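Structures for review follow.
Same chain, two partners: chain A is paired with chain B first, then with chain C.
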Partner chain A sequence: MTTTEKISIRFQDLSSVRRRTDAVRNWALPILIVLVFVVASATVPEFFKFETIRSILLLTSITGIVAVGMTAVTLSGNLFSLGVTSSAVFSGVIYVWVGQATGSMYAAAAVAIVAAVVIGLVQGFIVGLGLNTVIVTLAFGSIIYGLIAILTKGEVVQAQGVNLEGFATFQIFGIPLPIYIFVVFTALAWFLTEHTLIGRNVHLLGSNKNTARNSGISPMGTTIWAFTAFSLSIGIAAVLQTSQMHQIQADNLPGLTMDVVAAVLVGGTAVTGGDGSPVKSAIGALFIATITQVMVLMSIPEGQRYFVLGVIVVALVVVLHLLRKAGTR
Partner chain B sequence: MGFNKKDMWKTAVAVVAVAGLAITMTACSGGSSSSDATSAASGTGSLDGKGALLKIFMPSTSNVYLAAAAKAAAAEAKAQGFTSSIVENNWDQTEEDQQIQEWIATGEKAAAVMIWPVSAKNATASIRALSEVAPVLQWNQLIDPASDPFIKIGYAGVSDLGIGDQTGKDTLTQIDTLTKAGYKFHGPGGLPNVLEIQLGSGDYSAGVDRDTAFQAVVKGKVNMLGVEGAKTFDAQGAFTAASTAIPKYLSAGIDIIAVQTNDMGNGVVQAAEQNGLTPGKDVFLTTGTSSGSMANLQSGKITSDVLQSPVIEGTLIVDVVAQYLATGSSVDGTVTIASDAAKPALTMTAPTRHTFMMNPSVTAANIGSFKIWGWDFFALMGDAASK
Partner chain C sequence: MSSVGAWFKRYLLQFVVLILVVGSMYAMNPKFHVETSIERLIPLGVIAAGLAVTMIAGEFDLSIASMAAFSGAITVSLSGLGLLFAVFIAIVVGILLGMLQGWAIAKLGINSLVFTVGTLILIRGMTWLVLNGLAVRVQDITATDMFRSKILFLSPLSLAALVIIVGLGIFLSRTRWGRELYALGGGRHEAIAAGVRYKRGMIVAFGISGGCGAVGGALVSALGGSAAPDALEVMLVSALSAVLVGGISLAGGRGTMVNVFLGFAIIAILSAGLAGLGTKAFVSELFIGVLLLVVVLFDYFLGFISERDRRNKLRKLAAAAA
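After this line comes the complex of A and B, so read on.
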């Protein structure tokens, strides 16, 4: 056997290993979630019921929408935004105020989403200049939180005599609108990420910034695009959230940022960027909500639930990371 | 036995040294109990603060309840002739500890210190340090036994046990009303099935105390389906908790959902409706702290709240301190202040060591006519509740 043949066989072996690890990585979570559904349906009373499944999907929807949006930021190599909560609350406050002023939930939603996008654009621009994402988003989070506290004086913000609930309460076949919006938003994000030039640019920027720059991709433009997509998701989630609760307050949604980060990580998106998918992040959010619901139905005490969920998240993230490393050797 | 001159000198020096040492020790021991404590021991004899400083340490007033309490405390301090100064922390006991150390180091003199510890169990060292420079009152969070020896004035403020107790009584009242109306409950033996939504996951003392008091009142009169903790203490946290818990008990039939705050109750209303229930018709919500939007209470989706007024709490802590400083003592025991329509005049009597706020029930029927200490319901809540 010649040296060239040996090298060729070696490359074929490596390619085969990569394909196998990629397959495991891509299908591990969907298979796991199907397994959880099957086992829970067979063993946990009250699980396989319309109300339970609807509850899981509804609880997934808001976290899931933001996780899908956050995927763009992470994919582009910009880690995570840690200012999700304050941007969402700000957008929610705008939704109520504009709704109260105009009497239209559609106008209110449009302005609230635009407000979120503007905040995202500014953050994207600063990060695009080369500043650290964590520091920029934490600082913005603090500024926005302070602004909300000043503007609202810490009061509960709610609309009087205006119906702003429609986005959350409208149902089709007994399924609330936020679930449909979650599915459509995820599909749209998947298409943009996987089948458009800007999506490929985001992937490449996250994989290797220098190569991306040498290929003519603008790190600034791509980063701004990623933050725009992310802030759009925050605006949508904020409208749905505020619509659901009929009110919003400065210190609401304290756990949203970490829930979103957990969903993205469980979904298998590489923290370093370049590898991941919005669909996987959506499945990550669904997985966390499903496991939580199963544990509630099994009457597992809350402290133990957080412990188990934490262990599962860490285990999944470690396994997915090891598989990714094995696939790139 | 005779003394020579040398021995006499030695004896004289020894006597002077011992006397000097004794005088010094006496002076030192007087100094260690601090001038504030000494004056407090006899009392100033006047309820007028005469410009003396009340130092308040508490978590951030970005929370609407704390903002209203702080505002009320400052107003009452001014009314009683004190000056007041508030130091806020971002819900961080370590930060509060550091602020206390820094304040002590400034040497500023205060007539009394009022501390809302972020974590009562972890605030003992700070309370001990504060007790060296001024008499201390603890508020909002019950005194931990380890801190008790260092708290000269006592505790004033909210009673989580009282709120849980009143929520239980309101639940029984609702059951009586429904029974008289011929409502059929879903529990075994015709008992009402009750689900409780709690503050925190069983490790938050306020949630545990409220649950304990609630269950003590309703024991044997309801069938407890379960207690579900809310990870965050807002409407969204309760919505999430209730959304996962309600499907579990839907088939058994949920008659009453007891929620530890009205704000959380607003989230539970949404969760119940999303699961096909109609609050006020086929499920009934009794709640604790009267915070957040009152729209669901006024429309009948929530049947009752329990008054927890930040305005009363802020006012009460200053009044208790004023009485302590005037009389120089506090009396052992526990008292819950009455729900008087007009504020009783402050008297020159020693305050009770544990002074709790009143916990009357708030309903759609009485919210409009509420009057305590001259304030209506929304004035009592400051900005912590809205229509």
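After this line comes the complex of A and C, so read on.
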């Protein structure tokens, strides 16, 4: 046997290992969700009901939409944002104010989403210059939080005499609108990342910044695209969340940022960039919501729920990391 | 003389910002007292120091605020055995947990940003478990008085913070293990190839950050006599702001405890001064955010200009040679 043949066989071996670990990485979480569903249906009597599953999906939709959007940023090699909460609250406040002023929830939603995108673009531009995403989004988070608190004087913002709940209460076949939006948004994000030039550029920039730049991909432009997708998701989620709660306050949604980051990581998108998919993040969000809801139904107290969630996140993140390592060795 | 000049030049940006902040605070409020206002924020300095050590080693400990809350919970829960003893136990637990975390990160070769997002939730969950989901107070509230006494002119709190920051400064700059953290942060592969022990470095770095988080949290709880399961969440952001404003590089391998101290002083004086003016907490949050952004952008443009100058110089040299 010649040396080249030996080498090619070794590569075949490697690729078969890779294929196997990839299969595990892609299917582990969906299978785990199904398992949780089966076990929960068998042990918790009120679990397997239309209402429960609907509430799980509703719970997933807000975090899920942002997680799908954040995946673009993570995929492009820009780590993750630590300023989700304040951008979302800002957008929610705009939604209520514009809704109050114009009386139209559509106009309000449009303005709120545009506001979120504008904030996102500014951050995307600064990150595109080459600054660290974590610092930039953290700084913007503090600034925006301060601005909201000053503008609203820290009080609850509420719309009076205007119907702004339409987006949350509208249902088709008994399923609320946020769930449809979540599914459509995920599908769209999947199509954009897998089948368009922008999506490929985001992937390539994340896998190897220097190679991407040398092949003519603009890091600035691609980063800005990723942040556009991300901030769009924040705007949409904020509108849905605000119409669900009927009101918003500067201190709302404290856990959103970490929930979103956890969903992206549990989904299996690599924090180093270039490896992952929005669908995985959506599944990650669904998994966390399912586990949480199952524990709520089993009436496990809040503290223990938090603890179990932490154990699961650490375990999944470690397993995913080990699988990725085995696949690339 | 030149070394003193170099020292000042190294921290020039931070000194300028510090003087500007102190100056504007005095201008707005002539009765402003630096010492009394900083006192309350001392634990922040300790936590910032811990965060800085992991950043110097090229890693990141997002779980540090959860660690602080956990250690506060332990302190209050065990306060029946004597408050000092409880603080001691809390700190030991923090150091051990941190070392375990560092060991796991090194053993798995995992990105610490990813791992500590998980432990952030996990340790917060442990805090909920310890406190049973309720805010708890120390039974014997008079025991907290000893943390308000004075040793010479320093409170025990600032003394502890000073000892920790100076101690860590000496450790990082003068000991072999400390220098190894810089090597691991600046050039990981080169350091390992040169014989630096990666696993030991991670255990040391995360042990220190766990310990600092625990000291910070224990001090807050011991002073206030209470602990809550959702306490100190903002500590991560504040400490990170202090460290970054101070000039520690996120890329690793650069920065000293002087940076941490200056960053802490800037953030503490800014927020204490604004609070003294009667503004709400969110106003100082706004200012800290702006400050963080300005410092990072300024640093970026400085780097950009010096890089351009270097290139121009090289170009000229090349032209002269040809």
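Convention: the second predicted complex is superposed on the first by the 329 of 329 C-alpha atoms of A that agree within 3 Å, B and C clash if a C-alpha of one lies under 4 Å from a C-alpha of the other, contacts with A are read in each partner's own complex, and residues count from 1 in each chain.
The criterion applied here is as follows: contacts are C-beta pairs under 8 Å (C-beta built on N, C-alpha and C of every residue); 3 or more make two chains touch, one makes a residue touch a chain.
The structure presented is a predicted model; accordingly, all values stated were derived computationally and were not measured.
Upon superposition of the two complexes on chain A, a steric clash is found between chain B and chain C.
Of the two partner chains placed by the overlay, only chain C lies in contact with A:132; chain B stays clear of it. In the superposed pair of complexes, A:18 makes contact with neither chain B nor chain C. By the touch criterion defined above, A:241 lies against chain B but remains apart from chain C after alignment on the C-alpha atoms of chain A. In the superposition on chain A, A:209 makes contact with neither chain B nor chain C. Once the two complexes are laid over each other on the shared chain, residue contacts for A:58 go to chain B alone; chain C is not touched. Once the two complexes are laid over each other on the shared chain, residue contacts for A:293 go to chain B alone; chain C is not touched.
Once chain A of one complex is fitted onto chain A of the other, the partner contacts of A:261 are limited to chain C, with no touch recorded for chain B.
By the document's definition of touching, both partners, chain B and chain C, reach A:149. In the superposed model, A:141 lies in contact with chain C only, and not with chain B. Superposing the two complexes on chain A places one region of chain B into the space of chain C, and among 9-17, 63-71, 117-125 or 171-179 that region is 117-125. Shared contact residues of chain A with chain B and chain C: 145, 149, 154, 250, 254, 301-303, 306.
For chain A in complex with chain B, the residues that touch the partner chain are 46, 49, 51-52, 54-55, 58-59, 145, 149, 153-156, 158, 160, 168-169, 176, 241, 244-247, 249-255, 292-293, 296-297, 299, 301-303, 306. Contact residues on chain A toward chain C in their complex (touch as defined above): 79, 82, 126, 129-132, 134-136, 138-147, 149-150, 154, 250, 254, 258, 261-262, 265, 271-272, 301-311, 313-314, 317-318, 321-322, 325. Of all the residues in chain B, the ones that touch chain A in their complex are 61-64, 67, 201-203, 226, 228-229, 231-232, 234-237, 239-240, 243-248, 250-251, 263, 266-267, 270, 273-276, 292-293, 295, 383, 385-387. On chain C, the positions that touch chain A within their shared complex are 104, 108-111, 113-115, 117-126, 128-129, 131-133, 229, 233, 237, 240-241, 244, 250, 280, 282-290, 292-293, 296-297, 300.
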